[in-house]
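What follows is a structure written as structure tokens; I'll ask about it next.
Letters are used for the chains, namely A, B and C, taken in the order the chains are written, and counting of residues starts over at 1 for each.
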Amino acid sequence: MNIVYPRAAGVLLFLMTVSGVSAIEPVSKTLISVEQNIRESNWECKGETHEGAEFSIIKSTLHGGKQEGVDIVTIDNGRLKMIVVPTRGMSILGVSMGPLRLGWDSPVREVVHPSLINLQDREGLGWLDGFNEWLVRCGLEFAGHPGIDTFRDNTGAISEQRLTLHGKIGNIPASEVTVSVEPGPPHILRLRGRVDEISFYGAALELQTEVSTTVGSHEFEIRDMVTNRGAESQEFEIIYHANFGPPLLESGASLVVPIRKVQPMNAVAAKSLQGFQQISGPVAGKKEEVFLIEPLSDSQGDTLVLLQNANRRLGCSVTYSLEQMPFLTIWKNTALPRSGYVMGIEPGTNYPFNRSVERKAGRLKKLSAGESAEFRLAYTLHSDEASVREAAERIAFLQEDFEPQVLPEPPGEGN
Amino acid sequence: MNIVYPRAAGVLLFLMTVSGVSAIEPVSKTLISVEQNIRESNWECKGETHEGAEFSIIKSTLHGGKQEGVDIVTIDNGRLKMIVVPTRGMSILGVSMGPLRLGWDSPVREVVHPSLINLQDREGLGWLDGFNEWLVRCGLEFAGHPGIDTFRDNTGAISEQRLTLHGKIGNIPASEVTVSVEPGPPHILRLRGRVDEISFYGAALELQTEVSTTVGSHEFEIRDMVTNRGAESQEFEIIYHANFGPPLLESGASLVVPIRKVQPMNAVAAKSLQGFQQISGPVAGKKEEVFLIEPLSDSQGDTLVLLQNANRRLGCSVTYSLEQMPFLTIWKNTALPRSGYVMGIEPGTNYPFNRSVERKAGRLKKLSAGESAEFRLAYTLHSDEASVREAAERIAFLQEDFEPQVLPEPPGEGN
Amino acid sequence: MNIVYPRAAGVLLFLMTVSGVSAIEPVSKTLISVEQNIRESNWECKGETHEGAEFSIIKSTLHGGKQEGVDIVTIDNGRLKMIVVPTRGMSILGVSMGPLRLGWDSPVREVVHPSLINLQDREGLGWLDGFNEWLVRCGLEFAGHPGIDTFRDNTGAISEQRLTLHGKIGNIPASEVTVSVEPGPPHILRLRGRVDEISFYGAALELQTEVSTTVGSHEFEIRDMVTNRGAESQEFEIIYHANFGPPLLESGASLVVPIRKVQPMNAVAAKSLQGFQQISGPVAGKKEEVFLIEPLSDSQGDTLVLLQNANRRLGCSVTYSLEQMPFLTIWKNTALPRSGYVMGIEPGTNYPFNRSVERKAGRLKKLSAGESAEFRLAYTLHSDEASVREAAERIAFLQEDFEPQVLPEPPGEGN
């Protein structure tokens, strides 16, 4: 992903629309809109606060190979920089702040256009052909493993459907995308996108996404809203599949998470349940290990999860509400870099089993007609020892006096 | 669909090629051509007759979300306006004339680019992900329900193929598109498009479409030609899936059709066979009802079908030849607007059962090598009581003295 | 394909970047690059040697129908002209030299964009919807017949995968494409393209392609390199599916090939094994015949295969190493032109059976992590009797004193 930044920068030479913002003035811009028939190929907004902090928002277009025509938006708050991909469901390709990076090195090297993805390929694993983002949402009609699920069709009859891995939302181009800069202080940069996972005689789930960050901050926040636009109640699932590679992931790095209950998802994970929070370096032939966690929360219902590097001077933590997302999946794939050395920290409404399993286990949520569900995740990038330690201590405080329940065996597909 | 018109109009600001036609001069323009390597992104032609009637033809491009890069052509004959979508097989997105509209409000809100449609998705229901046109052709190799059909492959062996709902033609971009304005009078606006449903070791069916209308008229005509470009005889099916929502479809609206024979297609329809021509308002949870009709014709072999609103001041009628399309399918989906409150009036060479059923029932047509079949449908928009009544009376005349044969039970998939 | 040349020429009017090369100066140009975020829509380079030979390289974009946005590169060395399609895996659409043409007339008339191809369609025959190139590579993870194969997934478990006909590589847009003109003499025109067939938890096979020709030459060479970018060893297959129609293919034309062993692939071929090297004119209803050949080689390990027309004044020969590609498939499809009157001469690492068959037969190759395999094919266009005869004599010399082994029955899918 590190190769993406120069790309975006290169686009500056071809800017067609430039809005200079010498001091902080409010900016509000529609970048993509089905309703207004708009798509800005290249646009940018640069600014400086009265305190001299510089920031920018750049909309550019990717070219070549499988990424021809893919839209990206690069937000630079003067301290951290992130790339959002409207064409791929508003996924966040990566975030960087000095030496710290949220992201990983997938074998998939391009930001693949959804028109070249066949989710049904490889027995429902086609999603993996475009998988390289730091954060991709899984969902919305289904978010887990591929395979047959049964459902009631529009005639009321029971039908079978072959679900595909992690669902569709990450491969749907956003329909409406806007950016804004708030005059402040605080000076907030905000990117909103609407992604429709809507069919006829099918789910009609609308995702309103927002990512925002304050100029000069080492934090950003995701606020999403999923709405059932259909006339009848609708099952849904959402999992925030955030993936970490180096420099955070390295031998000696560790995951810090307040645990109420933990269980391995598969047999491989069962064998390494003990000490699963400790990260090893890349291991040839290493298979994926998945752990299912019910975290602990504070009095507000919020939990906090931290990934810290070996010397505990770099870290990334996320806080979110367990009411919104009670289930946390940890995906360790500490294979050789060429296979993708990566760990997923994945808060969700459920675990990534096939929907049929989640339904049976009672983890599947529904939205009645017109109903919405909100999801908030606040991410903090830690770049010094004190900041890392403070996050770790907050998590230790949540865990204090609570003995985690450890289930040593996988639940099995029958849960 | 009502939001589409402003979109097209917005495009006027960016016109790259403008041909002003002050009085009626002949116009002939290639908008899209594989052979000439042409695709006009934006083009328009405006004119005025000596009698002062204004008309226009506008080619524009849609942007944003799933409709990025979709070509549309808007034809305004001074009285009615229609939007044709070359990128989606020359489907007609909608037609409007004052308060009258042919079209409906599908949950699918974008004019989805075929590159984002997977017809095989949802067990062959992927077609529904882009379904929102007023008129979409089903066909050509197959036009009905999804499911396994057997066929002889190129080695002469019997093979199985999973057919997909309503076939491919509605998701194939047109290869050659031209418009013309005839000097007249009558001043005829004509849009032609060729759509190839052609593969190697497969069907080689070519669709030549034409939609034409006269300046100032409340009528338009579709003239299509399907040609077998293959070296061997080829089965084919075509169904004109025309879909009506408000204002024509409303509580108290009714379908007027001269019936030789009628039969429900499914169990739900069997229960509401009595009075199926009467339209109710939207009903929560209402399932689709499908009726199979063999209409009556006049001495020329032509039939006439009318949909009239509650106060019988608005209507749309279609006349076509029963020799070309002996079978008429009526699809009532009077669910809540969010589920798509809509009725389909669907003349075809056959019913929309799976091709295996149609073959067995003897309704499946074949074209020998090089052979063509022609299809003509003339649509009239009625906007006053007299005009609606006259159409209804013509249909009553066709029905006169003929007692419809009513089969109360569905034929079943075995027909 | 003959209609493509005027198309490319028409593009000249819209050139946006022109580099005139009055005499031979070195040229090196990146046309497409994911890493540099580049895609040249239209570019050309024309030149003249000191000896007065003219040549050109033109990058253009196709428009209309299913070929909207497809990139092509036309190389004219002053004597022969070829079109390469980066968007379709660097396939060679066609080659021409005076009256001689390498190519055929597929029922598929457009250069179809991969975003409109569903390889899984028609039970794995979707590849045929875009099949019209002179030379298309089959591969890389699998290159043969569709159908279930079993494989070990990333957890080490045995899984099933539905393979699709001839694999994916021919429908993947190239990620990096460069052209160069070497100052020489000899003045070499060179086009390189990298195509990634790479997924997460799947094959990570990279194809580096190169096609080169010298100004004024009647020859060109393909040099490819397949590299396993994954962390574990990976099976792969590659078949160079080169397809010949008129004028080379005609009644009385013949294939000249030095045979160690020949066997029919299917029952139809078994019946016509005798004299299979003789070409008939188009025959209505003729089914495909496929022959499996292990050719003979010279002392360097190279073989030579020739297709010559009826009067033996036109021909095309190819020489390549049997070490690289020990198996040669001949595909005769001498049906009526509308069905595609064509013969494939297809050197490969294996035969085009399903991968499960090739594995069992011991013909399946593997690359260890990081390992590469190279493939070289040198094509010569013959346009006079002496040149054709000389190639035929070289092949006769290879066959001399060697009695081909003829297996009269197909090996069957169990091999």
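Here is the rule we use: a residue touches a chain if its C-beta (ideal position, glycine included) is under 8 Å from a C-beta of that chain, and two chains touch if they have at least 3 such contacts.
Worth saying up front: this structure is predicted, and the values here are computed from it rather than measured.
When the CA atoms of subunit A are placed over those of subunit C, what is the turn angle between 0 and 180 degrees, to the nearest 5?
Between subunit A and subunit C the superposing rotation measures out at 120 degrees.
Which is it for copies subunit B and subunit C: same residues on both faces, with over half shared, or different residues?
different
Roughly how many whole angstrom separate the Cα centroids of subunit B and subunit C?
41
Give me the residue numbers in subunit C that touch at least two other chains, ranges are fine.
115, 118, 120
Once bound in the complex, which stretches of subunit B touch subunit C?
Listed in rising order, the residues of subunit B that touch subunit C are 32-39, 69, 114-115, 118-120, 154-156, 159-162, 172-176, 196, 198-202, 204, 229-232, 369.
Quick one: in the complex, what on subunit C touches subunit B?
Residues of subunit C touching subunit B: 3, 7-8, 10-11, 62-68, 106-110, 113, 115-116, 118, 120-123, 125, 128-129, 131-132, 266, 268, 284-285, 287-288, 335-340.
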